[in-house]
Amino acid sequence: MLRVAIIGASGFTGVELLRLLALHPGVEIVAVTSRQYEGKSVTEVFPSLKAYPYSNLYFSAPDTKKLSNLAGAFFTAVPHAAAMKVVPELLNAGAKVIDLSADFRLRDVNVYNEWYAPHLCPEFLDEAVYGLCEINREKIASSRLVANPGCYPTSTLLPLIPLLKSGIVDTKSTLVIDSKSGVSGAGRKALLATSFCEVNESFKAYKVGEHRHTPEIEQELSIAASEEIKVCFTPHLVPMTRGILTTIYAKPTKIISTTDVIKILDDSYSTERFVKILEEGQLPSINMIKGSNLCVIGVKVDKRTNTIILVSAIDNLVKGASGQAIQNLNIMFGFDEYLGLDVIPLYP
Amino acid sequence: MLRVAIIGASGFTGVELLRLLALHPGVEIVAVTSRQYEGKSVTEVFPSLKAYPYSNLYFSAPDTKKLSNLAGAFFTAVPHAAAMKVVPELLNAGAKVIDLSADFRLRDVNVYNEWYAPHLCPEFLDEAVYGLCEINREKIASSRLVANPGCYPTSTLLPLIPLLKSGIVDTKSTLVIDSKSGVSGAGRKALLATSFCEVNESFKAYKVGEHRHTPEIEQELSIAASEEIKVCFTPHLVPMTRGILTTIYAKPTKIISTTDVIKILDDSYSTERFVKILEEGQLPSINMIKGSNLCVIGVKVDKRTNTIILVSAIDNLVKGASGQAIQNLNIMFGFDEYLGLDVIPLYP
Amino acid sequence: MLRVAIIGASGFTGVELLRLLALHPGVEIVAVTSRQYEGKSVTEVFPSLKAYPYSNLYFSAPDTKKLSNLAGAFFTAVPHAAAMKVVPELLNAGAKVIDLSADFRLRDVNVYNEWYAPHLCPEFLDEAVYGLCEINREKIASSRLVANPGCYPTSTLLPLIPLLKSGIVDTKSTLVIDSKSGVSGAGRKALLATSFCEVNESFKAYKVGEHRHTPEIEQELSIAASEEIKVCFTPHLVPMTRGILTTIYAKPTKIISTTDVIKILDDSYSTERFVKILEEGQLPSINMIKGSNLCVIGVKVDKRTNTIILVSAIDNLVKGASGQAIQNLNIMFGFDEYLGLDVIPLYP
Amino acid sequence: MLRVAIIGASGFTGVELLRLLALHPGVEIVAVTSRQYEGKSVTEVFPSLKAYPYSNLYFSAPDTKKLSNLAGAFFTAVPHAAAMKVVPELLNAGAKVIDLSADFRLRDVNVYNEWYAPHLCPEFLDEAVYGLCEINREKIASSRLVANPGCYPTSTLLPLIPLLKSGIVDTKSTLVIDSKSGVSGAGRKALLATSFCEVNESFKAYKVGEHRHTPEIEQELSIAASEEIKVCFTPHLVPMTRGILTTIYAKPTKIISTTDVIKILDDSYSTERFVKILEEGQLPSINMIKGSNLCVIGVKVDKRTNTIILVSAIDNLVKGASGQAIQNLNIMFGFDEYLGLDVIPLYP
């Protein structure tokens, strides 16, 4: 059994790791940390875990030194800027780390410094692997530090990367990425802006033109296209708990049909368990993927304006965070890639 | 008192007309029709109207001949293709008509025939005025047939028309219009697709590249731009009852700032009671306008990709349907334009 | 014009007072206070009020001394224990006060002390009138201090008081009051417990057997019954923004029919504009009353178990708070009772 | 591998059986029937099942004769009155049946005839076992026909039966059962009453005093109490998709504490995997159990009125329908009782 610890387990990604790992036959959770809930039992804080193997699991303080020898694998589920304070020590103690924050996603420390905060350990950026499993599987397998992708980037990159690689996208036209996220993406916090009465029966765009996932998307698209890509990225807040649906508008380099685009995606993902390309005429919705590690993608080429429209749906807490993190762990430690992730979407 | 009748009053636009007209001091509702509810009292079918002046109002059959002499103004709130069967008779009897269907919105009968159904009375298309009040106020005032705009077009045209008129929009680049609507836009029907369990906690795009509001948007934008405009229009379904938020991506003809774009919109709408332009840094949300006749517009120019992003919010049943219809009635009959529409948004 | 001030206007009851008073022809709002938002404009904090006559209204500090001479009527919309610190000064300056907190609702200071906190000015309890308008209209008219009823009590007392007065309720059997409230009842605060992801798609009972509205309900029922009444009161949290639906179970003193109970209620409320008794076979729902000052009541006598079941629906922010407060103001100052309250429920 | 067929698999209980059985290691689904979707693939109708072992499963016509030899176990998930038409043939062919309808739940055919419809095969009522697993486990194990309990009855019986058996409940006082259900309880149908815009942001009681689950609850409580029990049962509709929360009010035969009641329940359920009794001071909510086969129960004795208040939470589609049906199958066929049911609640 692989000994696993979760640093920062009191948020939504933490409890989601616990939900999914409960059914993972190859791991044992040896520690979960939380300053806020130190000393409390996990099932007291999260009663949804009550009937499961966590009855003896208690939150402990995030004492990295003490913890680094306890486990072979760590999920760091703390906010950005906090992750880079604990990851080096864990790596130096010989552990492998899947970091769910943004701290090791950007290769260029200047970009990180500009969008986030001064980076404290840029020397780890080179070896960190961007953990988009279907794209970087081999590098992940041999890595000791995986930067788990952001939720919006996951929903954007999976449909776009094969098209950029294929050369079918006109990179001189602006890529428009219009994303819509459920509220759990904002985290488990007491905020007026995410209180029920503010969000329910409302809808809004936010951080238009300035969301921090923008450089992450651009970095990975640029790698796929082998040239610098800029995107116009607009996130929106949907009155639902889980899910991201992203609508992407791209210009083709030549006249192309819906069938053609579907073929490119099918060729890329035909053997993937967690990425499903819909047939022509079908489009994804959140209730196809809720609670699961799936990414479902639909395609429509608008002939009237010569635009490729891609629509992708993921559960932001699963494929967009904790599920992909477990998928990364499975790859890093040689487990079957879908262990702990064989969860059917909840419908209705 | 102006005698008013509503043809097809059993849907959401019908009951919304009744909600708003209840507080209109200048009109008297003399007839409401519904095949389904013929003979039933309005307050039995719509208990939300229980405490108001409708206790003696009963649904009658849509006998146009009989009704045409009863009222001076008619709202036709029946589906497209049904409206064109009743409107001519009402006009010929001397009444004025505000039609909430799509039947008289498109000037080119061929476009109507292609997107909808064979038109039965194209001879009325020339005189029909497109009832976007803030844009066509003068023509509306002298018209006897107003085609009330669709909900998506209203949310798209109000922010875009002043920019197209100003010449700031690069009309050679595709305009991307990404709209998100509450479920009431689908009407008051028993459909599996709009049942609670299908819509709740889900989100999807639908009719991508083929929604019938596309030619309506293009027609009015083309008039504003004095050249043919094509748009890439994608509607989405939000798990909320009311509201449309539309995000528009346009390329400028030159380098332009957020302030510049706001100024153009401010100049167009500064005296308008129902259109509000937000200051730089602010963005609209549905809970700013729910239940009201307002259209609130926010602007952000994304300098990184040189894109004008416009975000507009309306209540699809008010400014997007029944509210604007009453605004049209007020203009046509010389009432103060805001009578019956002085409704504060419901927040929270 | 009556000069009115709102002390503590930054919560949901505050903004709801502003929404409703915007359409009240007889009052002028001269001050709104908020420590948190001091100096900010009302429309900046509450953009839903943007298009209305509040463009020059700014939040000020709650300097009671200064304010007490500005206005003839005060709504105090601050939390319990805070209200009793400001109300005496306002009264002493000659103003009339409608207090939306619990501070002046309980006649017995010992009961207040037990359920809330030590009362600071019990000398005002005797003159305070419990502002349940339909029941205490005459006393309210001549009062200078009205204690505006709680939301749960309003939904409970309106259906039960006529039955207790009529002697038809067996007061030796426990009255079971099972209430369900929308989330806005918890106020406009940043709390994890009322964050979207905690409340949405969930449902729970809370404060079972210990909610502070219990003694308020018992006090008013005891007055109606002329004997001491105890109730078993259980509140629940519904994933919706507005509305309270209360289901009441009472034992009759004799065999009685649904029709009989409806008749008692009809006799009490036939001339009331804001209380509607449904016919046999009909039951209220929140979408009959949302946004309005209505209380709709349905009745069913369960013959199998000889139980009177009453179901009432109110909007907790209107008839359960700000609407009833305005109704009280109208009564106190001789306005038509429905001024500012002629709002049709929002459906759908 | 046990060969299993689902008769009537196009509703919510059908798709939920498919979701859960996908992870059941001991069964193979050999047929799913649906008149409406005959010939269509399961994953076309239910895209949420897309990535799982159902790619070759197609809906067939409900030809019972042909099907009866295909499988050893049948779930009949058709409406009441339809089930009794197919169950006899399946039994006569030697299969075992778990019927999710009401057709075999009531022992007294007269009661069935009164509340439902004329029973066509009352000769099977005697041998049918009421499939409340924790209560009737032994009888279920040796049965060939299990009547799977209704959702409301499951949420009511699990907390009440141990108390009635213990003699602590005063059976001369009326038991008040106030239940609140998510919308999926109404089934997967195109109905105006369960359309999004009718249900969302609303709440109501329905079928007050006349819901068909009443005699089912009374039958099983009477067995537990060894005397005839009548209940006053009121269902309500909550704007959420899944979950039932039931609040029960019972009078004790003597002064009793919350601790005492919890002890009785703990003694009954301490070894149960799917029933969890909360500690004093805790209460269940739907987000503790959503998507899982759990029933969580909280207790509060209201000393002021001497009332036992029980609050239970289940997922109506799992423990209230398909999950319990699989639990019954596991018992009937000697599988570990939790196979296919080891699903962690989805939170948030």
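The chains carry the letters A, B, C and D, assigned in the order they are written, with residues numbered from 1 in each.
Please note the rule applied: a contact is a pair of C-beta atoms (placed from the backbone, for glycine too) under 8 Å apart; a residue touches a chain by one contact, two chains touch by 3 or more.
Model, not experiment: these values are computed from the prediction.
S.K.: What is the minimum number of touch steps required to go from chain B to chain D?
M.R.: Tracing touching chains, the least step count from chain B to chain D comes to 1.
S.K.: Pick the pair with more C-beta contacts: A-D or A-B?
M.R.: A-B
S.K.: For chain B, which other chain has the most distant CA centre?
M.R.: D
S.K.: If you average the CA atoms of chain A and of chain D, how many Å lie between those two points?
M.R.: The answer is 36 Å.
S.K.: How many angstrom lie between the CA centroids of chain A and chain B, rounded to a whole number?
M.R.: Going by mean C-alpha positions, chain A sits 39 Å from chain B.
S.K.: I need the residues of chain D touching at least two other chains; which ones are they?
M.R.: 12, 184, 188, 197-198, 200-201, 239-242, 285, 287, 290, 348
S.K.: For the complex, which residues does chain C have touching chain B?
M.R.: Listed in rising order, the residues of chain C that touch chain B are 12, 15, 19-20, 22-23, 46-52, 184, 188, 200-201, 241-242, 273-274, 276, 282, 285, 287-292, 294, 296, 342, 344-348.
S.K.: Which residues of chain A touch chain B in the complex?
M.R.: 173-174, 176, 178, 180, 182, 197-198, 200-206, 208-209, 214, 230-232, 234, 236, 238-243, 245, 247, 249, 251, 283-287, 290, 298, 300-307, 309, 311, 313, 348
S.K.: In the complex, go through chain A and note every residue touching chain C.
M.R.: 12, 183-184, 188-192, 194-201, 239-241
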